[in-house]
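Worksheet: one structure, shown below.
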Amino acid sequence: MSKKEIVIEPLARVEGHGGIRVVIEGNKISDVEVRILEGPRLFEELVVGKTPEEDLSIVPRICAICNLSHKYAALRGLEKALGVTIPNVTQEYRHLMHNGEIIESHSLHLYFLALPDFLGYDNAVAMADKYGDVVVKALQLKKFGNKIMRMMGGRMIHGENPVLGGFGKLPSKKALIAIKKEAEELLPFAMATIDLLAGLEIPNHIERETQFLCCKPTHEGYDYYGEFFITSDGKEHPVENYKEVIIERTVSHSFAKRGTYNGAPFTVGAIARIILLRDRLTGQAKEACDKLFNERWHRNPLYNNFAQAVEQVFSLESVISIVDKLLESDTPEIAQRTTETGSGTGAVEAPRGTLIHSYKIKDGKTTYADFITPTAMFLDDVEAFIRTGGENLLANNQMENIELKFEMIVRAFDPCISCSAHLVEVVYK
Amino acid sequence: MTTQEKKAAPKPKIGVYGFTGCAGDQLLIIHTEDELLNLFGSVDMQSFVMASSNPIEGELDVAFVEGSVSTDEEEEHILDIRKRAKILVAMGNCAVGGGPQAMYTGDKKYKERLQKVYGDNVKFFIEPVEAKPLDAYVEVDYYLPGCPIDQKQAFALITRLIHGAVPETNPHPVCHECKLNETHCLLLDKKFCLGPLVAGGCDSVCPSHGLPCVGCWGPIEDGNFKEHFKLLESFGMSKKEITRRIKNYGGHKILQYLENL
Amino acid sequence: MNISKMHENPYNPEPARIVRHYDLIEDHRFFQIRHVDMNRAMSFTYNPGQFIMLSIPGVGEAPFSISSTPSRPGILELGVRKVGTLTESLFQKQDNDIIYIRGPYGNGYKIEQMEKKDLIITAGGLGVIPLRSILYYVLDNRDKFGRVFFLYGAGDSNQFLFRDEFFQLKARNDLDCMYTVDKADKTWTESEGVVTKLFKNLPEIDPQNTIGLVTGPPVMYKFVIDEFLKLKIPKNMIQLSLERRMKCGIGKCGHCALDHLYTCIDGPVFTYWDTQHFRELI
Amino acid sequence: MEKALIESSRNIAIHIAILWVPNMRILKMQPKFLDKFLESLEKFGALYGPVHRNGVMKYDRIESVSELDLSGHQLPMIPVKKLFNPKQFTMLHFNEKGFYPDYSMIEKRVIIGVHPCEIHGVLRLDEIFLNDPADPYYAGLRDNSAIIGFSCWPTESSLCKSAGTDIVDEGFDLFFMNLNEFYLVWVGSSRGYDMIHEREEFFEQEVSHEDMRKYIEWRNKRNEVFKLEIDFGSMPDIMELSHNSEVWDYFAEKCLSCGQCTMVCPTCNCYNVSDVFDVTNETTGRRERTWDSCMFVDYSLVAGGHNFRESRADRLKLWYTHKLKTFGSEYGRPGCIGCGRCVDTCPVDINVVTVSQALISGEVPKE
């Protein structure tokens, strides 16, 4: 029996430093490891003994791409713990910020990290020759996302502007109007992307049934945050119960913890959200979803990129409607804390899936912190897909370019290695 | 005028590497939409795994390395990069000072923490080591501080290296930019700010948003630590509190400044 | 904006070509440069002791003393030590490459005061670069000056600038050259010790009729001036050329300020008497 | 007390008499015309003036006259010098063929609401930047900017009376003296005259004796308000005599070297120059200039690592030499125009008042 080991390292065009190791014995895959090659950063440990302000400054450093999601999840957790009730307007500003991040992250992933695969290039810059228009527009879209992140975050990455109870500085009306106008201008490109994707063949060699999880929006519409999780088995769980919902364990081949639901791998991220929440879409986002969605989404993670394209449309539309609301509103005050001791769990949908920050605060200092990042949630599922996909490929003798095919699966999930590499099991007595 | 000037500098071979960190510095370069295509056009990009497949790992004119050294594998990797690169640039707070993951540097409790965290039984396929900046292992030619780095400062350095010129450093504190941005000094309201002790280059974003500088550019050599601590203490903060805060992004580099306080 | 009405831009440098270069010693290079515009090259004049601002686009600008003498027009000579950003890039330049210059700036040596007088020209290390200008100026106008003593000291024989050139000068009998190095090796034939040691080799001088000139590293001034004072040379007959950081060369950027004076416009040559008025001169 | 009052009225009367020369006219304006008049100045250039932005008062381009704060009770944080010697700008561009000046920041402007001390500050800067060879950027901005001065009311920190800069008789195109009931308007240049000429209907030619009396009254009242004082006249000697005073060590230990004092001082002019390449491997880029500060460690650093002002004490001494002893190429005339900004700005209370007091008394301030 021949034994073959495929190691892809470093994994290109993902955020952070990772690799894949696949062991093939005969026509069976005996082992799959998505390896996280970055060192542990012990963030949950780092914030212990810190003030909430320091927490808010430190935790976005877990990951640059979704730094504002970390900030947002932390804010939701900390504000619960400290009895801060933010005004609705502040909530809207937070949404604006969050949509900016979704646009930035999705456009980076879709056009620059994933699309080169679909179109057969090493990178997006190489793609520019033939798809110059797309690349230029995509840069513009990403820049737009960044602009919102900078406006609300304070700078492009790790801005300190979102603070407990509000923002250090709010954008001017003029800036808001400019943002809205730009969103309107970019919407047609986001829709054109839907058509571009609709024309692509998605390989079916790696299809397999799985489960999905995401936050349930607090209103009737589609959104990226909530107080409950909904799952593809039709259940709902309060976010506070996250520890019973997502069971975590440590594995030796990565510094990331792994999560399971119902004892099995599950998927989070754009694809999970669209699958679970697509009935809530309206407007052009609904139109986009109708064009792309099909039943294979349930079994094929490569469609995550399609889901991201739909969410781009949704977020651009959201930006427009949020700005409309903000233009009518007064400047909110920064809400103050009402207690120095408490606990709280915040959950948001980061671009690549559900993100949980849970804190215990005593006398104004953090005594316990737990973060679960999307990558930690879906890594098991990534491995499961590689295994199934790999076995299908072996069965059909399609060994050519097998590394690329594996890589594509990992990239489809848009894993965030930095996010996952901070994770540790902290034991407090 | 007759010029025999060479028209353009030869394209340097560049490698961009990410070690342990948030990838924010690499991302910042990718995020520089207006310049990204120009950048790829003016260098010979050999390896930039976050942006492109099929890296070529050979001799380099300049290596930009982000992140701290936090595993034994990374230690080997930085030694290898140093061997191959004529110029090595430490990019971002993690590479320059160790990053937030190095905030407890000096407490000698890393092993303890790690054990507490993962238990005694887990054996990793690569060995984690306490986060250290690049210059704990190899000689670094230039530093790009910041968490994350700033575009303007980064591109000023990168373009100089493209032209084979020596980059300039910024020996001025955050306060310099704070005043250029016409920002009200937080210290005058008896509010915490680390600006005078922290290297400028971020365009004083935090004070410009009415928020204190938390020190993510790392310490500035000329900082008057003693007096600034005294001033912050007069606002009702304890020395312990100030020390803890300045350590958040101070990593390895801050320790020498805190020695004689 | 109507630029024609604008004042001429003194910051705008002119192109010049590197005509020739060679290494003086390690990390010290000699450059001959000429304005690209030949008319400008021939009409460009200056006083010994003045300096130019030299630019390399993208790298920056820095002051360098003119080491040649205006009595030999057309070519400017510089001696440059490689210390940092700009000088690093300058050392990458080849003959025929273009650099940019503006100037001349500063006051230069007080030649009227020197005429008909005996001169003790005292240089330490790199300080010889501006002094070389006045030295050759004097030699080219030899009849206007009295006796000339040229005292030059360097760290060791490998740090001695213009060695061949200066040793040839020893053959002249209208000039008295005395050279020393702090630490002599086998190749060294002249004195050993710091430059002030050379003073005891001087013949009798008439202090009222002698001008002392000194340029060198900051530490050197005090000791050389002491020697001049021992010789009873009046304080206002001791000329020093100073180095300060400067960014404009024309008294705007502030960096070279000394009390109420600017090194770039009121200097770089000062008399020792001037320097008594301000404290941080040396 | 009374004697002092009579004395000062006499001084002012003399002052007015001096000003009442044929080419310096004083007119009168009713407050209701002010906004209309200021709006009309747009013809002479883009309007700038003190406005509140983000909780900070700054000189900025205005969209409407109503934004202006002309109350005169506060000084913008950064002085008007920034409009003549911009904080940061591109001096030159370069490419393979050479350098090219960039004058794009020069525009026609009308700067409204400049306090007397600020005008003195600009006059001091003129001595540096217009001294031959003139700085073309400064000169261009200066030529193209009209200055509309406004009278002000001393703050807690004002020292302009001590510095002799509380009144100004040159350096403006128009100067509005706000006497609440009406404005007295000094015309200081032919451009100022043109401005008035456009809207003559707003101005009364006759200034009565009664008006003049009101002005004197206002001046007297204003003179009473000053809280701080420096004997600038004796400072040059005191500075000279205190060069080795340990007072400097005391301040040096405190100084944070944050450089804020230099940024906010109207007569600080230092700048740094640096080149920036464009992102390409062609030789193109720009030469930029940015405000610098003598409080920074690299200010006097030269080749070979020799630093003439490595110690904070030496850096402070240079600054205070310029503020209290000498300015420009003049000996015996201080650079301080008494705006009081350093008093308001330094986080550790090092300023012209604390330093001069310590030098005079030889004692360091009590903590």
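Labels for the chains are A, B, C and D, by order of writing; each one numbers its residues from 1.
By our rule, contacts are C-beta pairs under 8 Å (C-beta built on N, C-alpha and C of every residue); 3 or more make two chains touch, one makes a residue touch a chain.
As the structure is a prediction and not an experimental result, all values here were calculated from the model.
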Worksheet item: Ranking chain pairs by contacts, what comes out on top?
Response: A-B
Worksheet item: So which chain is the furthest away from subunit C, centre to centre on CA atoms?
Response: A
Discussion item. With centres defined as the mean C-alpha position, give me the subunit C-subunit D separation in Å.
Written reply: 39
Discussion item. From the mean C-alpha coordinate of subunit A to that of subunit D, what's the distance rounded to whole Å?
Written reply: 53
Item to complete: List the centre-to-centre spacing of subunit A and subunit C in whole Å, with centres computed as mean CA coordinates.
Response: 65
Worksheet item: Multi-chain contacts in subunit C: which residues touch at least two other chains?
Response: 15, 58-60, 84
Worksheet item: Out of subunit B, which residues touch more than one other chain, so two or more?
Response: 1, 3, 5, 159-160, 163, 165, 168, 210
Item to complete: Indicate the residues of subunit A shared as contacts by at least two other chains.
Response: 169
Discussion item. Can you work out from the touch definition every pair of chains that touches here?
Written reply: A-B, B-C, B-D, C-D
Response to the item:
Interface with subunit D, subunit B side, in the complex: residues 1, 3, 5, 7-11, 35, 38-39, 41-43, 155-156, 158-160, 162-163, 165, 168, 171-173, 175-176, 178-180, 182-185, 187-188, 195-196, 210, 221-224, 226-228, 231
Practice prompt. Could you pull out which subunit D residues touch subunit B in their complex?
Written response: 53-56, 58, 77-78, 87-88, 96-98, 253-260, 263-264, 274, 276-283, 285, 290-291, 293, 296-298, 312, 344-345, 347-348
Worksheet item: Okay, in this complex, where on subunit B does subunit A touch?
Response: 18-25, 27-28, 30-31, 33-34, 36-37, 40, 49-55, 67-71, 73-74, 99-101, 103-104, 113-114, 116-119, 122-126, 128-129, 131, 147-148, 151, 202, 205-206, 208-211, 214, 216, 244-245, 248
Worksheet item: Which part of subunit A faces subunit B closely enough to touch in the complex?
Response: 10-17, 35, 37-43, 45-46, 49-50, 54, 57-58, 60-65, 67, 104, 108, 112, 116, 122-126, 128, 139-140, 142-143, 146, 154-161, 163, 167-169, 250, 252-253, 255, 407, 417-418, 421, 424-427
Discussion item. Show me the residue ranges of subunit D that touch subunit C in the complex, using the header's touch definition.
Written reply: 91-92, 94-95, 98-101, 103-104, 106-107, 128-129, 131, 133-136, 139-140, 143-144, 243, 268-277, 283, 285, 287, 292, 294, 299-304, 306, 308-309, 314, 317-318, 321-322, 325-331
